[in-house]
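Got some structures for you, see below.
Next come two complexes, and both contain chain A; in the first it sits with chain B, in the second with chain C.
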Partner chain A sequence: MAKVKDTSISSRIFDVMIWLVMAFMLIICVVPFVYMIALSLSSAKAIINGKVSFWPVELNLEAYSKIFTYPNFFRAYGNTIFYTVVGTAIALVMTILFAYPLSKSYLKGHGFFTKVVIFSMYFSGGLIPNYLLISSIGLTGTRWAIILPFAISQFNLIILINFFKALPTEIEEAALIDGIGYFGILPRIILPLSTAAIATIGLYYAVFFWNDWFNGLIYLNTPQYPVMLFLRNIVNGTMVVGNASSASADTAMLGISTKSAVIITSTLPIIILYPFLQKYFVKGLTVGSVKG
Partner chain B sequence: MIFKEKRNETLQIRLRSPLQRHLFRYWQLYLMMILPFFYFILFKYIPMFGNILAFRRYRPGLGPFGTEWVGLRYFKMFFKDPAFWRAFRNTLTLSVLNIVFTFPLPIIFAIMLNELRSRNFKKIVQTISYMPRFISTVVVIAILSEILSPSSGLLNRFLVDVMHKTPTYFMNDPQYFRPIYIFSGAWQFTGWTAIIYLASITGINSELYEAAEIDGANRFQQIWNVTLPSILPTIMVMLILEVGRLLSLGFEKVLLMYTPANSEVSDIIDTLVYRTGLANQNYSYATAIGLFSGIIGLILVSSANRISRSLTGDGIY
Partner chain C sequence: MKKASIIVLVLLGTVAMLFAQAAKEQAVSEVPVEFSMYYSDNATLPFKDSWLTVQETAKIANATVHYEAIPIADYSTKVSLALNTQTNAPDVILYQTTAGENQSLALNGAIVPISDYSEWTPNFNAMVEKYNMQSDINKIRLGDGKYYYLPSLTDVPFYDGGIILRQDYLEKKGLAAPKTYDDLYKILKAYKADNPTSYPLTILAGPRVLYRMTMPAFGVSLGRNGSGGSRVLSWDYEKLEFFEGAISEEFKAYISFFAKLYKEGLLDPEMAEPIDGGTWSRKMATGASMATWAYYDQIGGVTAASEIEGFKLQMYPALEGPAGAHHQQKNRLGSGIMFPTKTTKRSDFEQIVRAVDKMFFSEECSKIWCIGVKGVTYTEENGKIKYSDEIMNASEGIYKYMQLAYGCGSDVTQMVWVNAREMTKYDENYAAINAAVEAIGDVIQYIPPTPKFDDLKAEEAGMLLTPLADKFEVWCDAFLTGKKSIDKDWDTYVKEMKSIGIEKFCTLYNANL
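== the complex of A and B ==
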């Protein structure tokens, strides 16, 4: 990093300008969430009269207590937790099982397997052939349809391969001489050394499964919908949040605070965990920069 | 231990061919790969061959690869289809505009971050600016539609109360589709993409700055003459890759923003494939369109990669 020693006036003005731009950037990133929180905590009347900006007006928790009475929301939230936990677990196991052998360039067929992975990044089946495959193997309408096809992301695989490649080989060689096979080395030696890399790709997978909605839309039935698809449907107006018959004058505006409450609750895990996890998020880009 | 090695030796003598010996030695590694390799065949390569459907007629219930050859019929069909050309134009326009407006932002952001004096403030800005990358597209569009809502949204209230204008239904107006797409993309990815440039800036030799300072360069001149030239290779690689991905826009976001009112500009190749394929179940026709754009994408990405390799000796893969 360049150390700034220049203390001239023009340099100071430059500092102030940069500081202002960066502060603006901070505000731009945070304001949408502040607005959503304010809306979700405000009364319908205040929203309708356009009084809510960045601070709740006529503070109340009605929107939150409402969404927690909607069975659809609860079910969708539970579904998403299931997809995220199971999906991430399967994805991690599969990615580790492929990345470890692929990190051994002395293995015969190493070049071939690597090419198989890389070619699939350049060219893919496309939407329709994928859709027809999933339905012809009978996954459509089951929860596995949005988990199994996404078990390995080539990007994450390459991150992990590069990480494994960079590990020192001495301990591994010693273990081999001691007669511990690769099945023993992987869990006992390699994995404990790789927690940072595994946490990183695990987070990428978890974010992917948490945020996914499109695959739910094309493969699943309503009771299996993830929370992001639920949110998309209430924003679209294709799904009624609560009881459609209780249409009163302020239903539309109640809708806004409810929508905001759904937005906040469905993003909450990421927002809460973010400060603790962000160092891992970034590591992925630096640990195994995408090169083969 | 010695005993064990001896046993291995005798086994190795018995396994004559080098391949047999290799397999015997590494069978555990091969066994690990079986399931993931099967995954790649099933979920990546079978759909790839499934593209053959573009040349065959699909009949429900008779398998995903179609029933009889029809040659290039579906290709001829969509080449004559004005809806395809509209989607093609929309895809290119949106992509090019997107690159023009959003590509420079992470570079500027990274350079400015690097010029911040306060390390703590730098860290805070950096940390917060990554966050939008991890927010679901659904949430981004849902937030946007509330901010831009004609009745209660922040922006329209500002326009009406302060600027005394009439409210605009931004999300439905074709005129605003591209700006909203581009702006929300910039919001989501500027901070994240800047990481790559920041890493590149960190790698610059600090002696270069010292030399520039001795030569009397002010800070702006240092940025112009040291920082920018030093990260130029990174910028070039990123730009080439961006061009290589020209046809693959954020399909999910476009689908979320799509309304009948803005379809004139928001119908891109991917949404066209989605509508003709999954909504209208013209599987073969949609596969043909998808294959066409997939092949153009393949050509673009691999030539982009080749160019970047020859320019900087460094490709992505």
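== the complex of A and C ==
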């Protein structure tokens, strides 16, 4: 059936308005990146003299080649890829395993565990008790310290519980009648129907693990640091100018082009993920929100 | 005869004991020791295990050191966690003092009172004696009379940052180098007249840099970077006691001067937000500003990059204000080395302390941390240090190149700063400025003493400090930007500061000196 196209003037004006608003939003989102890329590819002299706007001036790759001289950058980059891939995989498995039983309100203890989840969402032990707990189970100083304790996010868990609840129970009953046991229903029936929700929370987890620097800082040792900690040091660390008790003149600044190059290199991979998961993203969020 | 035999026996015994002690010390330093150490890592000087300084000093101390390079922005968080929990803490922590939280941690037993083990730090003791710093050391003793870290030692603090101006502009207009704040005002006014869209005076980072470098000339030192950490009190160098600097006439004169600059468009309004290094460089290089307070080694890059013909930046000695020509206060002691209590549980604790003492405070190693290894980075001719051609010709300058290539001259690891030795790493211009500053005399005053609070007093002071510091920041900003009138609102401000206890706070400080 052909689509009915509204060609009235008011409708066209409305379309134009929408396009303008969207174009404006797009510019707001894209401009900082374009500017960063232009800075990272321009010469220091051009930047200091205020010549760079949205196009590289005196094009060069010096900033990127300088990153190679940082002893820990690529190790940190490798660490972050590990935390993101392994962390997201573990987090998805754990969240799915927890969300599925919690989506069955007839199960014993359902109410209790749901309350525990909600409670821990609003109240946490605080930094030092958490640190002591993670230390006492021997995780501090190991890569698992920033993967296992964050394997289940309450927010993602609730999204998935609602999604599972929205699936028709008849499908599961049919599967039972057809001879698939309880342990077969989740991987063979539920998960294939839940790709949108899983992709969505997978993206949330991936972004969390990619961006996390604080947990890395407190639980890990230098060789295990993620790249975001490195990035933070490059961007923020150099703002600590001229310590009041400083004896030396060690207050030199890092070039803007180098900062920009580090920002681009460390954020681009996770940004690239979005377009590929976009089709699941909206669907995953909205499907879980309506039950019935 | 019997008496003589006894004397001989006693003498022999004493000599034997001395030999035994010496042999023990020798044995202790010969046994290799392995320990971990927190290092505050700055992105402008990224730490490298392979640095010549790191390798050589470890070799001399016969130690295997596992450096944990922690980003400087988060260093205090990591150290605080390590000291509070003692789990996963390193054996040694660099770049620490007992100010703030560490004071209470020290008094509660989380940090080793290193003064109790002074026989294990012979090199540190020798340096303290050599530079006559015993009275300085006494200033870092806490309420229990002990000191908890081995501070870095500076024989004569030097003028590494200050007022920087466009020398080419002064020459072009036939203006003399400024000596006072009034001279500076006239220069800024002239530049504004020539360049109406400019803000002649800008600063690097936030207002705290401006405040800490300029307030001493007006007789106060306040705010987040105010020396002494009291934020709202200042030190009276004649009476040797604290006074309520934030509500004093001295501060009123200070803020009136800068409010005038602000009102007349002579002071960069963006200074309220941190101005990062790039923005600051751009403002200076393009002529949007012509004066600033910053550090000497930062001006080279701007001069090289500017496209203004004849552009030249120069640092000048501290300007004279109502209280004289003074710059940011400095101590002869700086951040230093601390041992978490956990380390005492190690059977080789003595070896660790001795190795650390040797690595950072021995003549040999302290020289390495400053100028590298003889024959590699420098040679000595008639007692004069001559750096290798590679260092002399480095585009970043001697100081920065030696930092990046060898790890020399880092605040974190260099514990002994000898002014004359430092000057060999700078150009003649810098040495001349320092000589001019020294000729003025007493430009860099000492940082006021830290009160020796016990736990309860420290908490009481902390509770008074937070609202006082917050209120001061708000009013200071309002006075500067003209949101509040200094003439009309000053009394209200003083009344408010008094109502939240500035006088009580001051009494508390003075009672615990």
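The rule we apply is simple: the second predicted complex is superposed on the first by the 229 of 292 C-alpha atoms of A that agree within 3 Å, B and C clash if a C-alpha of one lies under 4 Å from a C-alpha of the other, contacts with A are read in each partner's own complex, and residues count from 1 in each chain.
Here is the rule we go by: contacts are C-beta pairs under 8 Å (C-beta built on N, C-alpha and C of every residue); 3 or more make two chains touch, one makes a residue touch a chain.
Just so it is clear, the model here is predicted, and its values are computed rather than measured.
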>> Applying the document's definition of touch, where does A:232 land relative to chain B and chain C: first, second, both, or neither?
In response: both
>> Contact-wise, after the overlay, does A:218 reach chain B, chain C, both or neither (first, second, both, neither)?
In response: both
> Should A:256 be classified as contacting the first partner (chain B), the second (chain C), both, or neither?
Replying inline: both
> More residues of chain A in touch with chain C or with chain B?
Replying inline: B
>> Looking at A:128, would you say it contacts chain B, chain C, both, or neither? Reply first, second, both or neither.
In response: both
>> For A:98 in the superposed arrangement: first (chain B), second (chain C), both or neither?
In response: first
> Does the superposition put A:45 against chain B (first), chain C (second), both, or neither?
Replying inline: second
>> A:144 in the overlay: touching chain B, chain C, both, or neither? Say first, second, both or neither.
In response: neither
> Which chain A residues come up in both lists, the one for chain B and the one for chain C?
Replying inline: 47-48, 50, 127-128, 131-132, 135-136, 214, 218, 229, 232, 253, 256, 259
> Okay, in this complex, where on chain A does chain C touch?
Replying inline: 44-45, 47-50, 70-72, 127-128, 131-132, 135-136, 140-141, 214, 217-218, 221-222, 229-230, 232-234, 236-256, 259
> Which residues of chain C touch chain A in the complex?
Replying inline: 41-49, 67-74, 77-78, 81, 84-85, 87-88, 97, 152, 154, 157, 160-161, 204-205, 209, 212, 225, 227, 274, 276-278, 280-282, 285-286, 294-298, 301-302, 304-307, 328, 330-331, 334-335, 396, 399-400, 403, 409-411, 414, 417, 422, 447
> Where on chain A is chain B touching in the complex?
Replying inline: 1-6, 8, 10-11, 14-15, 18-19, 21-22, 25-26, 28-30, 32-33, 35-36, 39, 47-48, 50, 52-53, 94-95, 97-98, 100-102, 104, 107-108, 113, 116-118, 120-133, 135-137, 148-149, 151-152, 158, 177-179, 181-183, 186, 207, 210-211, 213-214, 218, 228-229, 231-232, 235, 253, 256, 259-260, 263, 266-267, 270-271, 274-275, 278, 281-282, 285-286, 290-292
>> Which stretch or stretches of chain B touch chain A in the complex?
In response: 1, 4, 19, 22, 26, 28-30, 32-33, 35-37, 39-40, 42-51, 53, 63-64, 109, 112-117, 121, 124-125, 127-132, 134-139, 141-143, 145-147, 149, 152, 154, 157, 161, 187, 190-191, 195-196, 199, 201-202, 204, 206, 209, 213, 218-220, 222, 227, 252, 255-256, 270, 273-274, 277-278, 283, 286-287, 290-291, 294-295, 297-298, 301-302, 314, 316-317
